[in-house]
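Letters A, B, C, D, E, F, G and H mark the chains in the order given here, with residues in each chain numbered from 1 onward.
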Amino acid sequence: MDLKKILEDVKNNNIDIEYALDKLKNLPYEDLGYANIDHHRQLRNGYPEVIYCEGKSDEQILGIIEKMKEKDSNILGTRCRKETFDKIKKIYNNAEYEELSKILKIKNHDIVNIGKGKILVLTGGTSDIPVADEAYYTAKFLGNDVERIYDVGVAGIHRLLSRRHILEEARVIVAVAGMEGALPSVVGGLVDVPIIAVPTSVGYGANFGGVSALLTMLNSCASGISVVNIDNGFGAGYLAATINKLK
Amino acid sequence: MDLKKILEDVKNNNIDIEYALDKLKNLPYEDLGYANIDHHRQLRNGYPEVIYCEGKSDEQILGIIEKMKEKDSNILGTRCRKETFDKIKKIYNNAEYEELSKILKIKNHDIVNIGKGKILVLTGGTSDIPVADEAYYTAKFLGNDVERIYDVGVAGIHRLLSRRHILEEARVIVAVAGMEGALPSVVGGLVDVPIIAVPTSVGYGANFGGVSALLTMLNSCASGISVVNIDNGFGAGYLAATINKLK
Amino acid sequence: MDLKKILEDVKNNNIDIEYALDKLKNLPYEDLGYANIDHHRQLRNGYPEVIYCEGKSDEQILGIIEKMKEKDSNILGTRCRKETFDKIKKIYNNAEYEELSKILKIKNHDIVNIGKGKILVLTGGTSDIPVADEAYYTAKFLGNDVERIYDVGVAGIHRLLSRRHILEEARVIVAVAGMEGALPSVVGGLVDVPIIAVPTSVGYGANFGGVSALLTMLNSCASGISVVNIDNGFGAGYLAATINKLK
Amino acid sequence: MDLKKILEDVKNNNIDIEYALDKLKNLPYEDLGYANIDHHRQLRNGYPEVIYCEGKSDEQILGIIEKMKEKDSNILGTRCRKETFDKIKKIYNNAEYEELSKILKIKNHDIVNIGKGKILVLTGGTSDIPVADEAYYTAKFLGNDVERIYDVGVAGIHRLLSRRHILEEARVIVAVAGMEGALPSVVGGLVDVPIIAVPTSVGYGANFGGVSALLTMLNSCASGISVVNIDNGFGAGYLAATINKLK
Amino acid sequence: MDLKKILEDVKNNNIDIEYALDKLKNLPYEDLGYANIDHHRQLRNGYPEVIYCEGKSDEQILGIIEKMKEKDSNILGTRCRKETFDKIKKIYNNAEYEELSKILKIKNHDIVNIGKGKILVLTGGTSDIPVADEAYYTAKFLGNDVERIYDVGVAGIHRLLSRRHILEEARVIVAVAGMEGALPSVVGGLVDVPIIAVPTSVGYGANFGGVSALLTMLNSCASGISVVNIDNGFGAGYLAATINKLK
Amino acid sequence: MDLKKILEDVKNNNIDIEYALDKLKNLPYEDLGYANIDHHRQLRNGYPEVIYCEGKSDEQILGIIEKMKEKDSNILGTRCRKETFDKIKKIYNNAEYEELSKILKIKNHDIVNIGKGKILVLTGGTSDIPVADEAYYTAKFLGNDVERIYDVGVAGIHRLLSRRHILEEARVIVAVAGMEGALPSVVGGLVDVPIIAVPTSVGYGANFGGVSALLTMLNSCASGISVVNIDNGFGAGYLAATINKLK
Amino acid sequence: MDLKKILEDVKNNNIDIEYALDKLKNLPYEDLGYANIDHHRQLRNGYPEVIYCEGKSDEQILGIIEKMKEKDSNILGTRCRKETFDKIKKIYNNAEYEELSKILKIKNHDIVNIGKGKILVLTGGTSDIPVADEAYYTAKFLGNDVERIYDVGVAGIHRLLSRRHILEEARVIVAVAGMEGALPSVVGGLVDVPIIAVPTSVGYGANFGGVSALLTMLNSCASGISVVNIDNGFGAGYLAATINKLK
Amino acid sequence: MDLKKILEDVKNNNIDIEYALDKLKNLPYEDLGYANIDHHRQLRNGYPEVIYCEGKSDEQILGIIEKMKEKDSNILGTRCRKETFDKIKKIYNNAEYEELSKILKIKNHDIVNIGKGKILVLTGGTSDIPVADEAYYTAKFLGNDVERIYDVGVAGIHRLLSRRHILEEARVIVAVAGMEGALPSVVGGLVDVPIIAVPTSVGYGANFGGVSALLTMLNSCASGISVVNIDNGFGAGYLAATINKLK
């Protein structure tokens, strides 16, 4: 390894210090150990590798899985087509699939629960479930206790209010909603924990593929709310896990 | 009057029928009585004339008021500058002004209550009050029993829920909200009367001058809701009055 | 029932008042009777259950119908695919279908007419008919006398003017239009009843999927007009019914 | 003059043909007479020079006028500030000013009427007048018989219908409207001449500075309509004149 | 006929004048002859009926054609699917079809040339041809001498300049362009006739389905230009014909 | 208190259980104890009351402060004008003001540090500081250890990299950036804690008042990032505090 | 040739100079040699002809190739469908195809390297490769030494930093990125050469088909960056070549 | 210096190699010499420091200048207010100011011409000059031979064509245009050098603050064009200089 070699040369008086200084400044970053950054996250016990499958061919996905398997880590695939999963299943017997959310899971060892509390995933309507489930399975696979309550949109507010005790038990809440997207605002007025708002593209006409819900959430009067991209269930689940493992 | 003249000429054989037919077809509309259309609305007892003051000079507004006074009807002015009102007041002693909503009122005779029930005006926040008051004073001036409950936005849902009995007594509800604009959706889930949603330009950043609230309201999952233009308190008050006078 | 039990325990001195107070405050909402809210609407004689079919699988829709049938209420389905209807028809012999508007109707008992007057549905062009029919069948199914006049757009104004007597007989008007969407403005200048404007996505180029018609309607100079979402025929029909049943 | 010189040199055998050919190909355009293009328009008897004053300093405008005066042509200034006009008036005694439309006119000789028929300028409301007047004075200054009828918007359709005989006498119609901008569509259904639609920025909220009217006009179902930029009264007046002088 | 009957009754003293006045005011418009308005355009010799085929079923189109045939006028269909044409052709032997522009033509008698000059149709690129051809065939079918020059976009300005003499011969120019849409501006600087600019949806990325070309054309610095909707070749052809038949 | 009274009446057999049940269901929410919800947050030791000063008059703000003072809680004002502060300072001697971020602070007792770790606030440029400071002072006032590093935007990436050890010590990071808004993405690739991205309206042209930065942040490829509204420093600081007090 | 003929006629006194002058001014441009402009680019040794295949039929493309072959130049086709290539390959044996970027290449003689330095093509992610490859193969075919480094997005900044020495060797850099599109900004802070930023439509939700990346790049704080259209790999490659051949 | 100290300790056997390795990996970047990156650009002889003055107070700007003066480099300020310059001038006698473009220049030593060829700056209209001048003075101050030709927009194409020989002499062209923004497309068809297109916010209505010109430029059919942000004259000038100093 280059860096070590330089130090040894200095120690052994093979090179002088000025020359060593100059060399150090011009070393590519990876030689200084920065290349380790990228692998940091996966080094934790049980933390999975993640593959965003959309726009990748079956061959590419299988290739990536094969490479990951060498490290023996768990694997989480998002937006994985059913046909792709069928091919994977033939090779990797322990592969599992969640149809609604298109989540692929390959568990090579047990998931260690590293979350400090409970993550709660809510949806406004039943059509928001695919996005919500992406958050749900992501957070579970990252080692969290996750609960989901679906179809508690604000147009029937009692549905949400009657679950207030469950809301109050959560450490982080993921609130998924399309159309008018007002769910996070109401939840934010009821509890005092971080709320991750996920707009969905559910709706038609002036919802503009989720923009209406996105704007609603960004403009929420309630405090403690932040927003991820439209339909980004994975991002919400990942962030919820990141918050929930804070000591 | 032309039309009468033609008929008299026919009666008196001064002109023949073919000639009369031809003339009738080419008469300007007003001579056929269609010009009455425009005055229909004001013909009802106590119904006011309306002046949209924005973009009109003080002189123009005073001129219009003078002309209207001839008919001795009540006069409602919207978006009237304070300075303009001061000039009006000097001439028309009975002129009144609502500062927040910039409403001008000149009552030349008593307002007859023609509404069948109560109109309720709600706001999400205190900054929505100018728009809400425009709806409130418009509906009142058009002869309605109007009640207002302000600052009952969805981020503190109990504020709204604790007034549910008032909501249920209304015949029409005007729900005014800026920022995320979710108020009408929640109200729509609680009661079963027509709800007129008014988005306001209150907010900043990604509220885009009221577009966020507008989209929220158009995409509401609750039924019985329709929307007027951003900040259009007058339109909401007028429509509420139109609904409330239905027999 | 919990709430009753608490009161009986108080009456029988099984628990003291402080303890009862505490319990009451922590009861889930539904136990306090609030769960009734949601069923309110359907409790009226003849009022239908509504299913928004888009984005639901045939199995899900059949499951919901089965559950609803237990209550023996009428059922209205919107945006129902023809193939779905065919499956439903095999099980529910009394199911009916409107192809243009994709409306599903299952009448388990007669529709009671609860509207106070006539609802009129207008369109600007023939391509707006699917959306207009959604409003038409919705309002009819909710117990209203509904009339429709189609293809009376403003580019041939005489078509509209020659029906002015019909316009004047309506208690509520639903005006459906795509492209430039000017129909509601003209109608609003002719009559003095509530007008529900429905923009449609009909058109091409700079109509932006209905945005042009939506903006036209929101900016109407005529009074008494409010707007629902693009292509939201159901919402317009439902709101028309809500207004028309006002006593 | 260069071109002539080359030809003379060829004629006089001072240069050979190949050399002349090469030179001709490399001459700047103006030397070939193309520089005349730009002055074409002004060469007609009475046709004015035009100055778009917005964004130009008083000094610049005065400089341009001075230069133009040399050609002794009439001068039309658009979007000219009142203060600028006051300075111009001191120097050019025959300068005139239209306050509403901010039109500056310097007539150095009589305007010759070159239009073949009458141009009609309409507005939907009174706030559209500044833009309409810009079209009106432009077309007049370009030598046309122009008539204006203002405040005949579609929300009071009888106002327009009662002038139908005037509409039918026009050779070109300029229809100016803000807010919902539906005027050109209705006019287009009544007459069969070219209609130039001018959206204005008049309105508030979801009119987005004139975009609502612009989209309405672009999406008109009526035939024979085309659109210019928001508030572009000059462009409409100029185009109307261009059409009206067609033989 | 009602109107005649009333006049006869007046003449014969069967009814008095007040009663007649009242009746006249309440007659439906068509009885006063206004229903003729709509048929005005087709009454001219050879002027075709027009069917906008998009969004209409084959059955609907065939039905409309059958009805039109009774009047024995020529028929122009726009955006007609090839399959639809094939069905039409089986019934109407004289039906013709232009594949690129999807124009249907049924000539029941000769087209009389009513245009006063030549209409010129230009495109920026070859992909704009379908829209340009829609304008071309529309204008021809409406009785005009039309010429087309395609692929003369501004990125190779000499292609346009070398045809300047042809440009100068036209009475009206239709300039069709996608992508940056600058063609009308350059043409507008070269000639002094009305230019109808047609933005097309040709392009990708930030062309936003034709919005880039639309905005370019609306903001043109050249005078004498107006714009129709994106891809609206028919509208441009129709307007060109309307201008070209001005006497 | 009503609820207690009902229970006592039940106990004393003054009213029967059915009557009591009916009454309970119709009690306003606050009587059932739900009115406490709103005050929950402030009940914690040292947690401040918050006033959003924008759009409120000096009188209104002073009125609110006076009312809050009764509870003796600390007070945080956001977007407070300098002139308003000057008036407040005259009455409340302990009022403090941060000019850049327009933060008003009235400390009536010591702030108790309730955050579990350190919050780090970063900005891309110096112009983002007002927004960042709003986050900084909010989080501090809510009882947190907060550090700020400003002007470490991605166009000079070494500025950020050289502080990596500080980044790694933070428990929550607030990343504030205008223009291209790429800062959170880069930070998200370096550390594994929750990142709250705040787009600012800093920039010009195609930044569209902060939309460019907003979209960048919503589309970040890095995990663990969520976004608040444009310029919403308060929201970011509040959310950071909410996360940081999680046990 | 006309021009020569005129000169000869002048020389031979067949026509007088005034007549010649007049004729010259009215000659079509091409006769003056301007028609050469268009062929300039291809006249260089080895410079290819370019066909944009999208929206052209196989027949059209084959026709164009046949015509180009006459000039014996190399041919580059962009956005060429695989099926089209298969047909071409049958006729032109030396045709080659790059599947990812859909680039067609027909080399009729060797490519001469005319670039002065190295062009470097970078991508943020693997999904950006098709666009990046379009730039890569375009620049190579235009005679450049091109290197590509893919998947070095800013969310894992060390991947980019560790290649800094390669970045510093490039004369021009093409930086291709979708989603948040921050790559060019970071690269712009590291090196001091022209950077051509290419936004891609890769992503979902609020990326709006590449608009998010486009805005990021336009708003970059780094200097030396300019932007081409979304997904316009060809344009970037062509511009890189244009810069790289500067002497 | 830390790094040197570590190496000396290694050399002197004060620390062992493993310990040194660990320390090196955790050193802040600047200690490794990366902090030099930022100053690279200014190290070249005569290259100026740049201050973006917008949004900075006079005090801040004076402070920055004072600090920069220590390095004795030239200083370029952009978007500098006249009032700010007046204060600077009092302290720095050699300060110069360009009023139209708001450029501040402090020349502490001569500008060395490092450009290899000529940079040409063009504008479409006279209102684009402030932006164009920003590019012009920036490029000059960075050591380039720059020429400007203003008001050669495409609506009068001969103005541009007659300068073709000047266009062909440029090594880089900056084309500045507002309104329809078509200038770069036409220039791109005439010459074969890199063209930097600068959209300006000049115009009104549907130019949307420069968006129309921006889209036109992004969608240009001509090759060799790239675009910078709206009104970003500095960016264009800087990029032109970056290209022009390529050897």
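We adopt the following convention: a contact is a pair of C-beta atoms (placed from the backbone, for glycine too) under 8 Å apart; a residue touches a chain by one contact, two chains touch by 3 or more.
To keep track of the chains, here are their UniProt names: A, B, C, D, E, F, G, H = Nickel pincer cofactor biosynthesis protein LarB.
Worth saying up front: this structure is predicted, and the values here are computed from it rather than measured.
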Open item on the list: For subunit C and subunit E, which third chains touch each of them?
Closed with: B, D
Task: Selected pair, greater C-beta contact count between A-F and F-G - done: F-G
Task: Whole-Å gap between the CA centroids of subunit E and subunit H - done: 50
- [ ] Please compute the C-alpha centroid of subunit D, do the same for subunit F, then give the distance between them in whole Å.
- [x] 54
Task: subunit B and subunit F: spacing of chain centres that average the CA atoms, whole Å - done: 38
TODO: List the centre-to-centre spacing of subunit D and subunit E in whole Å, with centres computed as mean CA coordinates.
DONE: 25
Task: Touching two or more other chains - residue numbers and ranges from subunit C - done: 34, 37, 156, 161, 189-190, 205-207, 211, 214, 218-219, 229-230
Open item on the list: Strictly by the criterion at the top, what is the full list of touching chain pairs?
Closed with: A-B, A-C, A-F, A-G, A-H, B-C, B-D, B-E, B-F, C-D, C-E, C-F, D-E, D-G, D-H, E-G, E-H, F-G, F-H, G-H
Task: subunit G partner contacts - residues on subunit A that touch it in the complex - done: 26, 28-30, 34-35, 37-38, 54-56, 199, 201, 209-211, 214, 229-232
Task: List of subunit F residues in touch with subunit A within their complex - done: 37, 40-41, 116-117, 171, 189-190, 192-194, 196, 214, 218-219, 223-230, 235-236, 238-239, 242-243, 246-247
- [ ] Mind listing the subunit F positions that touch subunit G in their complex?
- [x] 124-125, 153-157, 161, 179-182, 185-186, 188-190, 203, 205-208, 211-213, 215-222
Task: subunit F contact footprint on subunit C (complex, rising order) - done: 3-4, 7-8, 10-11, 13, 17, 20-21, 24-25, 32-34
Open item on the list: Which stretch or stretches of subunit E touch subunit G in the complex?
Closed with: 126-127, 156, 158-159, 161-165, 202, 204-207
